[in-house]
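Labels A, B, C and D are assigned to the chains in the order they are written; within every chain, residues are numbered from 1.
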């Protein structure tokens, strides 16, 4: 059942403010990597994740902070990851680019754009053998020109894997406009492999939820893969480095047009002012605590550099001759 | 203009008998690699190559003997290549698996299934900058599940490259039936990238010619890429090694059904018996001479093992310590 | 005692492990008809654990990563050495890093099996590579069994290992047979080498099928030089202690390796020996040349760029003389 | 004299060569906005020779192979080190073998440019690799310029070379500036190293940006040890004669390399030295550890698995003492 309006509002507000805090922490140097902000795209995360069962598995990508928060990852531990601390969800081994949080059902984020789709397909296949959990792969418009992603469409379709492919089409891959990169369309690619696909407004979390719930239902009931393309927009640059560079790949008018469909405003309009204020206050509290936790968490010990490299450990030689 | 019936017959007959001679030479050990016979598929080679201008560029694949002969590669020098001799079109450096013969407009055959399509796309793009030559990429049904091939569809479509993608769909990738490998269809993949595509009978060289000529015209006149899928069948195994293995992946009835549409018979029916006999005799003469040439050509000298490795040579150390 | 072939040993290891552990499954091309003899009989016994794939090596390699994260233990078979270069990024940069990037939350127990690495007479320049050094360099666990018994034991350990492991089976070793008592077949731990023949004058470290060539050379030189043959069996992890003990005894070292010279396994072994071991004479490598491409279809040229027994003999003689 | 930055040197080399040779063109991601500063200004000057690509690295790498066979001279830019692993097969097994397989009929003059190899603080485990050893192992021509002048000269030579050449530009070197008189900018032949500083006690072979670290260490130790710093500049082909001459003078050798230890460039150099050069003391390597993965987002961990000045100092001191 579709969550209440204020629940969506809360998620979107949390993601928005979390990212804004992150940008501050990038400026202060606490998040060394910079981030790929998803500001403007929060409705996709909110609606999509609400349609999942907690034990479903999601493979995220480089612009994934929203997915984590929407799935209930602890903001403090997640932020501690972005600041590279041992209290992070990945003990500081992932940072902003490659995080995972299995407690929140997020199984990782491959830095190889598009390749998470095949990993999710394998994961979905494995989960389906032991129950009715499903897998979700989230990627951008840039990923659909990566052959490995299209290979996964073929495998998922052939083997009727319970996987939902979610394309967050924000119109650009870094500076490259989607129409100059994608011959044909996103949904046309999926359809070519016999995968049901639709293009859906990604700015309204309720619309997102409905489309996603249908795809999840299909997967869970043995109907196989489907693809949902959510049209959306990022208000920030591709990565925070753009704050230091002037890259004139999109004009102000276009940004302004999309700001008119700000998911935060869309959802705010559905929530009474007093409820909104309460939610906003709670979000700030949560984030204050999260920032505190993230910055107080210890830095990793260099002596532990090889921890977690292997599950079945082996002896490794250092980089200096020990004789 | 479509060539005369006896010309097609001659080409098909040449390929058929050439391959049969090759199989003998595999048995005798003179062709050490074995071969991937194209017996049964000769009409595609004959019709397709007749639609090309001599200076057009074709990228072949592992089942490419027919393409070479149909484009006019010298049978003796081509066979000398298969037997690994210095008189071969590639001086014995290519063998049956990776040959090229630029004098016949064949620019190579990547062993990486599907990847020739992107090479051909780049080649076609380069040729188009200096004139009106076009490029052709030939691949099997197995190649359309390789992501790198689909990447080339996207690039060719975006950049309107004069390239014709030719899929020889013989129903199997080694032992794997096409329907169990390909979700959707071959032509559906091309269409998804905005590439005009059609499925055409590959057993009749005249039908092949007409379809190919249309695609070539489109490419040459600036209309961009297209794909033609020719349905065909190989009467032999995937590779001559199958003569020593029993692989029951297809039944006799299926083979028999396809034998009823033998391209050699189809084209023979269009040629008067006396003309046919003359052609047959000439083919045997050509092949006798070719075999003689191939077996008399010297083996490469081990001292030349590094020749042709680089175009701008460098000094290489041997595999033994020289101190 | 029954004769066990190398290929049969692979088949047996996989069958035994699939019997024992329902999470093990196998995927790859032409598996149903067991083109490489590894999957013979498996389809009948485990019909839903043999996944025959289209030609989508990168896709199914990533698929295996996901399935492994989801609790399965995939064994992925590849038909040609270069296919491991095609999926190098998926193995070394994705599968092999996910555990670290998750801070230990996930494991990725995938086994990548190449039942035929190196030169197969006639198969062309793109089918004759030896990519194992690349995987070891990038930190992917890498084994290269020389005998049927080792093929069984190392393949089994690779499947049971909780990390990605690549198993390279040298083309010329596949036909090898060995007298084996089946009850002696057992997992062999990664990172433990083996002295195949003891000797006192020189240690020959031989990789893969060259172990057998080295043993033949040792026989041939028996009256003249006492050769110890050391088989590392696994490249990463590597049995440095085992090698050091051997070199300690002999004081001399020759590496016999079918990989390319530059940055190959021979380089690593000589470098480590130079740093850490006491050598009575400069060590030597017998390898493929720098930048070697085995054209694969003209045996005269092919053999010229692969290490030979004659080269090994000469190298041994030079090392013991200096 | 004007200050030339490393990144600007790359831009200038490409601009000069595109001016000189109409067959040169550049392709890659985000080129129009020159994200990596390599293609700055090119779109305006050569609007039809800047091909901005979708995220299809394998496709456009093969595309470059075809365009090169068709008479063009493509320069392909990649954004991240791992992308070179993603296209390794297309470069090493396809582009680099086509000339051989054609018996010399075709040439494949492609330049692959990685303007940022190695660790960039914060960018994560999948963005901090040093894949150059892999290319040299497989016989692909490989250069790694340390300075702006060398970046200009080696990049130019790579473009003019008739074979595939990979140009690795170390991340920390990109910001480096040098006093350069523009008339002195010239092609630098592949395979010619350079003594960056003469010394008498020990040769330090340093790769890429570590050349500068080695020079700093040499300064620091100046009173104590006389360090010669040798920069190979290109890895394949490699200037063995230049290195041998240096070691001949100093008798001692330390390699300082940011690649992984096992089968890395350090291994090759030590192995060759052990085989062929007279050393007064065992050589040493200072490298990334075996199997290193730089997590890339926690500097404490990152620096722990990259070679440091302190390690180099210790290695030099140990080598000169023994």
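Brief remarks follow.
Here is the rule we use: a residue touches a chain if its C-beta (ideal position, glycine included) is under 8 Å from a C-beta of that chain, and two chains touch if they have at least 3 such contacts.
Small disclaimer: the values here were computed from a predicted structure and weren't measured.
Centroid distances from subunit C, each centroid being the mean of CA atoms, peak for A. In terms of their C-alpha centroids, the spacing between subunit B and subunit D amounts to 39 Å. Taking each chain's centre as the average of its CA atoms, subunit A and subunit B sit 45 Å apart. Centroids of subunit B and subunit C (each the mean of its C-alpha atoms) stand 35 Å apart. Across the assembly, subunit A contributes residues 92-94, 98, 110-112, 145-148, 151, 154, 158, 180-182, 309, 314, 316-317, 321, 323 that each touch 2 or more other chains. Residue positions of subunit D touching 2 or more other chains: 54, 56, 58-59, 82, 86, 89, 93-94, 97, 100-101, 124-126, 139, 236, 262, 275-276, 282, 284-285, 290-293, 295.
The touch graph of the protein chains shown is complete. Across the interface of their complex, subunit D is touched by residues 31-34, 84-85, 92-98, 110-114, 142-143, 145-147, 173-176, 180-182, 247-249, 299-306, 309, 314, 316-321, 323 of subunit A.
Those residues of subunit D that touch subunit C in the shared complex are 82, 85-86, 88-89, 92-94, 96-97, 100-101, 124-126, 129, 133-134, 136-139, 236, 238, 259-260, 262-276, 279, 282-285, 290-293, 295. On the side of subunit A, the complex with subunit C involves touching residues 57, 59, 88-94, 98-102, 107-108, 110-112, 115, 118-127, 129-130, 135, 147-148, 151-152, 154-155, 158-159, 307-312, 314-317, 321-323. Within the complex formed with subunit B, the residues of subunit A that make contact are 145-151, 153-154, 157-158, 180-185, 188-189, 191-195.
Contact residues of subunit C toward subunit A in the complex are 51, 53-54, 56, 58-72, 74, 89-90, 93-94, 97-109, 139, 141, 161-163, 190-191, 236-237, 240, 275-276.
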